[in-house]
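In the two complexes that follow, subunit A is the common piece, with subunit B as its partner first and subunit C second.
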Partner chain A sequence: MFKAAIDADIFREAIDAIAALVTECRLHADQNGIRTRAVDTANVAMVSMDLKKDAFKSFSATKDELGIDIAKMKNILGMVSKGDLMNMALPEAGHKLEMAFQNYKYSITLLDVNTIRKDPNPPTIELPGKIVITGEALNSAIRAASVVSDKIALGIDPKAQKFFMVAEGDTDHIRLELGRDELVSLSPVEARSLFSLDYLKDMGKVMARAPQVEIALGIDHPVKFSFPIAEGAGRVEYLLAPRIEAE
Partner chain B sequence: MRCAECKGRLLCGLPACPVMTRFFAQLRLRPAREYAGTAPSVFLGSRGYPSVRGGPLLVDDTDLPPDWIARGLTLEEIVGIRAGTIRGRTLPGRQQEALREIALSARPLDVQVAFDRVPRFDLAFDGTVAPVGLTGEIRRMEVLGNPVVERPVERVTSDTDLGAGDACTLLHRDGVDVYRIARLFTAGLLGRRRRMVPTRWAITAVDDSVFRGLRRALLTAPPMETACLHEATLFGNRILCLLAPGPWRFEMVEAWGRHSLWGGEEDLVVVDGERERKHGYSPLTGAYYSARLAVAEHLNRLGRTGTVLVVRVVSSDYWAPLGTWVVREATRQALREPPVECPSFAGAIPVLAGRLGGYRWLEASALVPEMRSQRRLSDY
Partner chain C sequence: MDWAEKYRPERLQDIVGNTAAVRQIFEWAKGWTRRSKPLLLHGKPGTGKTSSAHALARDLGWEILELNASDQRTKAVIDRVAGSSSTTASLSGASRKLILLDEADNLQGNADRGGARGIIDTIRGSRQPIILIANDLYGLPPELRSLCEPVRFRAVQARSLVPRLKFICTMEKIRCSELVLVQVAARAGGDVRAAINMLHAAATGRESLGEGDLLSSEKDDRPSIFDLITSVYRGTDDRRLMQEYYGFDEPPSNLVQWIEGSLVHLPDLPSRMKAYRCLSRADEFLGLTFRRQYFPLWRYASALLLLGAMDAAAGRGIHARITPPSRWQRMGTARKQKAIRTGLLRRLSGMTHLPEDALRDEYLTLLTLLVERNPERYADLLSLDTDELTLFLHDRTRAEGVAKARAKRESALEQQEKKGKPAGEPKPGKTAAGGQSSLF
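Then we have the complex of A and B:
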């Protein structure tokens, strides 16, 4: 059983965050809220999203697993406007999720959870370099880099106390450095890893809306981006595997 | 000036083109002012579109590439057939009914044609369309007999509310081959607003439309379990297909070796690829769409999706461009061959490079370095 009412805009934010990587997912609901974790088909990027009970206007659920067609959900939520209230209900052992907003009443057939990839286990990694930056600044940097290349190096220069991003194309080069003043915070540990911009572009669009994004980096290790949604009542985490250039 | 650029325009200064005379010498029948025989297909030029000229292809042959391959014809024999093929031409908009009947029939129809004068030999090569040797202006044409039409074709061609793209998808699903669909497309027998389409455009349009019908399945199917490397060679076109676990991605590398048809004095490599959507027309022209379709058909049969790299290496054995069907059939043939299995895309690259004799052709690829360098989360 699942029954909830939520500001449609908040729900859209949560779905958009998942839609950046996958087209379907298993959504877990229990009395504390909803959460999901999924990896993209190439097993390169992972998204974890959880939305606590407090993010909802009203919420009641028993432990359940919902197979969500994220792509379809994203299209539906494209129609909502700010301030709309979304009512959702799934009866006990039901297969159709009722979604109502404005005067629309959708009945969405859920996917069979057994056809969706099982929840991945997050890798156990230490990422010592930490930066906190505004989502907007991060997205701008990603967009700037994608003009010249398909990959970007993110790193921390502990001596200069700077966070840097470098993208090298065949003919062009871009470097962006942000000091302590332009960042919310920075821990000066040496770090540098290379990432595919294909993934970062999609994540960047979502992160642009976040007031603060925490970036955790290592040396030739995955990067973790985490940021709050729903005014702190929820959280999204992205994990992206690096590219290692062969000698 | 290279022969490949001149294509028989005598820019070399010789009195007769050595490449062209080779074809003319193979003609078994001298052309006459009248033709009585079968018309297996229709052909429309693209020059001056929308006011295009075209007509029936007149030859005692099926005009079906899979049939040529099944009969084990050599490149010389195919060029011989094509050199002796007459491309009838009428003024724009004439004889449309007759052309539609010819295109509609599953069996070549008998026709009687009278030309203005004896058809002239002017073999023109074009990368997409199979070459045709003779051109004759049609004065009179009569179609004898009635077209034989298979049921799926009948159904789709008589439905004027069905878009041309969907029509291609439906026909392909019912087992109608792309060669036949392209013929229907050319004659303007598909879609809502029907018009004749130049043959070379129709070929690529059909390859692309049929692929689009298969793409949805490619985006949702489970990925391949292991990487498979297939290979085949057809008329000097060596095709290597690497299908690897991962989301749908396609890249094609086309390598024209030195002294190959379009290669000239230097090696020439062209690359193009795509993810979920393709933007714009491929620099590899029709060959890209033909190879991509063959790969999509194969994955569809397996019920899988994958990350695909197709390498086409053209040697000097391919001395006459026969059209993109060569790429389509070579790729289909490669995918029918039992593959060499490798654990992953990255693991298959050294095997691929070994077959190609080095990384020379792979340097232009964007997919290869990405697949070699991209780590997965499961690596941590």
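Then we have the complex of A and C:
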């Protein structure tokens, strides 16, 4: 059983965060809220989304697993206007999720969870380099880099106490350095890894809305971005595998 | 749950048979560098190809990314999934990521457009180990095949299969005599999955397996037309032979061609005559079936065909390669020739304002003589291409030469035209009137 009412904008934010990587996912609901974790088809990036009970206007659920067609959900949420209240209900052992807003009443058939990839295990990796930056600054940097290349190196220069991003194209080059003044915080540990901008661009669009994004980096290790949604009542985490640099 | 899936080997050491292949895979993985070629595991279904790849990843603690026939595999999808995955490190912190392209010989036309190209590009740019899997080595494009190191998986021998079957019976608490297991293993024809499925089917709802319980689960091997013809020549029980024929989907009208095509392999004239007598009688029944649209008559035709030919062959066997009836090939060629001739006649009829059949019946000989005397001139006048010239000259090489020279002249003419004359003027030689007046 699942029954909830939520500001449609908040729900859209949560769905958009997932939609950046996958088209379907298993959504786990229990009495504390909803959460999901999914990996994209190429096993390159992972998204975890956690939306607590407090983010909802009203919320009651028993332990359940919902197979969500994220692409469809995103289209439906494209129909809502600002300030709409979204009412959702799934009866016990039901397969159709009722979604109501304004005067619309959608009845959405859920996917069979067995057809969706199993939840990945949470990776246990140490990422010592930590930076906190505004989402907007991060997204602009990603967009700036994508002009010249399809990959970007993110790193920390501990001596200069700077967070740097370098993108090298076939003929062009861009380097952006941000010192302590332009960042919210920085831990001066050496780090540098290369990432695919294809993925970062999609994540960047979502992160642009976040007031603060926490970045965790290592040396040739994945990068972790985590940021709050729903005014702190939820959290999204992205993990992106590094590119292996050419010899 | 499906036993074949439930008892899928998890470690390389659990793979039944193919020890050399498994060792080769392991060595490859151990010594893998970015310069290593990808492996191409090939062999019949159920010999352990996919299981080996998964077991390898598990043994070495590698992450695995699989793309198989249930995924759409266009070039775009392969680039996005396999391409980006093979240039990134593992997300979970595994040392390597194995890209597994299963059923690589099974790229389906439109749904997988450009798939082979995508696989080749992925291999070239990969920084992770790749394994391709195919049933048929030669089902892959040669340029892809040459990029890979092939590993052959052979049919698994029945005796190496028996211990595995015994293990499964123990796990499932089914009492089973060794003899039955040997039978299952033998019937599976080297296909481990088939053997396990057979065992599962026979054991469902039972606690013990005796010999009699196996009858219902023979591996469904579709007989091929080649098997049938071999049986005809080798000789067998009448009823058996007819049964074998009913097992497949070939009308007697096709069968008569196959058998007729193979009769040249009968050693002596009397037996050939005997066979042809039966064949012609069978053909009468085929005609009757067609005229009356009364299909039960087919059975007389097929019986006469098969049993008559078998009687004539008298169990001597066939000692040559069985090939599809050459008549079909000849008909194919003839149809192509006919199409060329019809096209030519239609065109000439337009040019000369003569009916097509008049041209064919009265003028074709004349035309042939004219073309033979001066092929260059008439090729120009009638704008004949290589195929049409061959029709007149009966000499393909000569026709090709003429057509080539003509194409050259024409392009030279076009060049000249471009330089000399303003556009919009009709080209000389292309107008029907010019060709027509000087024809006869």
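Keep in mind that, in the parts below, the second predicted complex is superposed on the first by the 246 of 247 C-alpha atoms of A that agree within 3 Å, B and C clash if a C-alpha of one lies under 4 Å from a C-alpha of the other, contacts with A are read in each partner's own complex, and residues count from 1 in each chain.
Operating definition for what follows: a residue touches a chain if its C-beta (ideal position, glycine included) is under 8 Å from a C-beta of that chain, and two chains touch if they have at least 3 such contacts.
A quick note: this is a predicted structure, and the numbers were derived from the prediction, not measured.
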{"item": "Joint occupancy of subunit A by subunit B and subunit C, clash or fit", "value": "clash"}
{"item": "Partner chain in contact with A:I244 - subunit B first, subunit C second, else both or neither", "value": "both"}
{"item": "Contacts of A:E231 with subunit B and subunit C, given as first, second, both or neither", "value": "neither"}
{"item": "Which of subunit B and subunit C A:P120 touches, first, second, both or neither", "value": "both"}
{"item": "Which of subunit B and subunit C A:E177 touches, first, second, both or neither", "value": "neither"}
{"item": "Contacts of A:D150 with subunit B and subunit C, given as first, second, both or neither", "value": "first"}
{"item": "First, second, both or neither for A:V39, with subunit B first and subunit C second", "value": "both"}
{"item": "Touched partner set for A:D54, first subunit B, second subunit C, both or neither", "value": "neither"}
{"item": "Offending stretch of subunit C which, after superposing on A, collides with subunit B (from 131-139, 293-301 or 419-427)", "value": "131-139"}
{"item": "On subunit A, the residue positions that both subunit B and subunit C contact, one per complex", "value": "39, 41-46, 120, 123-125, 196, 198, 221-222, 239, 241-244, 246"}
{"item": "In the complex with subunit B, residue positions of subunit A that touch it", "value": "23, 39-46, 120, 123-125, 150, 194, 196, 198, 221-222, 239, 241-246"}
{"item": "Complex contacts: residues of subunit C adjacent to subunit A", "value": "34, 63, 65, 80-82, 84-85, 87-93, 97, 127-128"}
{"item": "Parts of subunit A lying in touch with subunit C, wherever the complex brings them together", "value": "39, 41-46, 120-121, 123-125, 196, 198-199, 220-222, 239-244, 246-247"}
{"item": "Contacting residues of subunit B [partner subunit A, same complex]", "value": "219-220, 223, 246-247, 275, 305, 307, 366, 370, 372-380"}
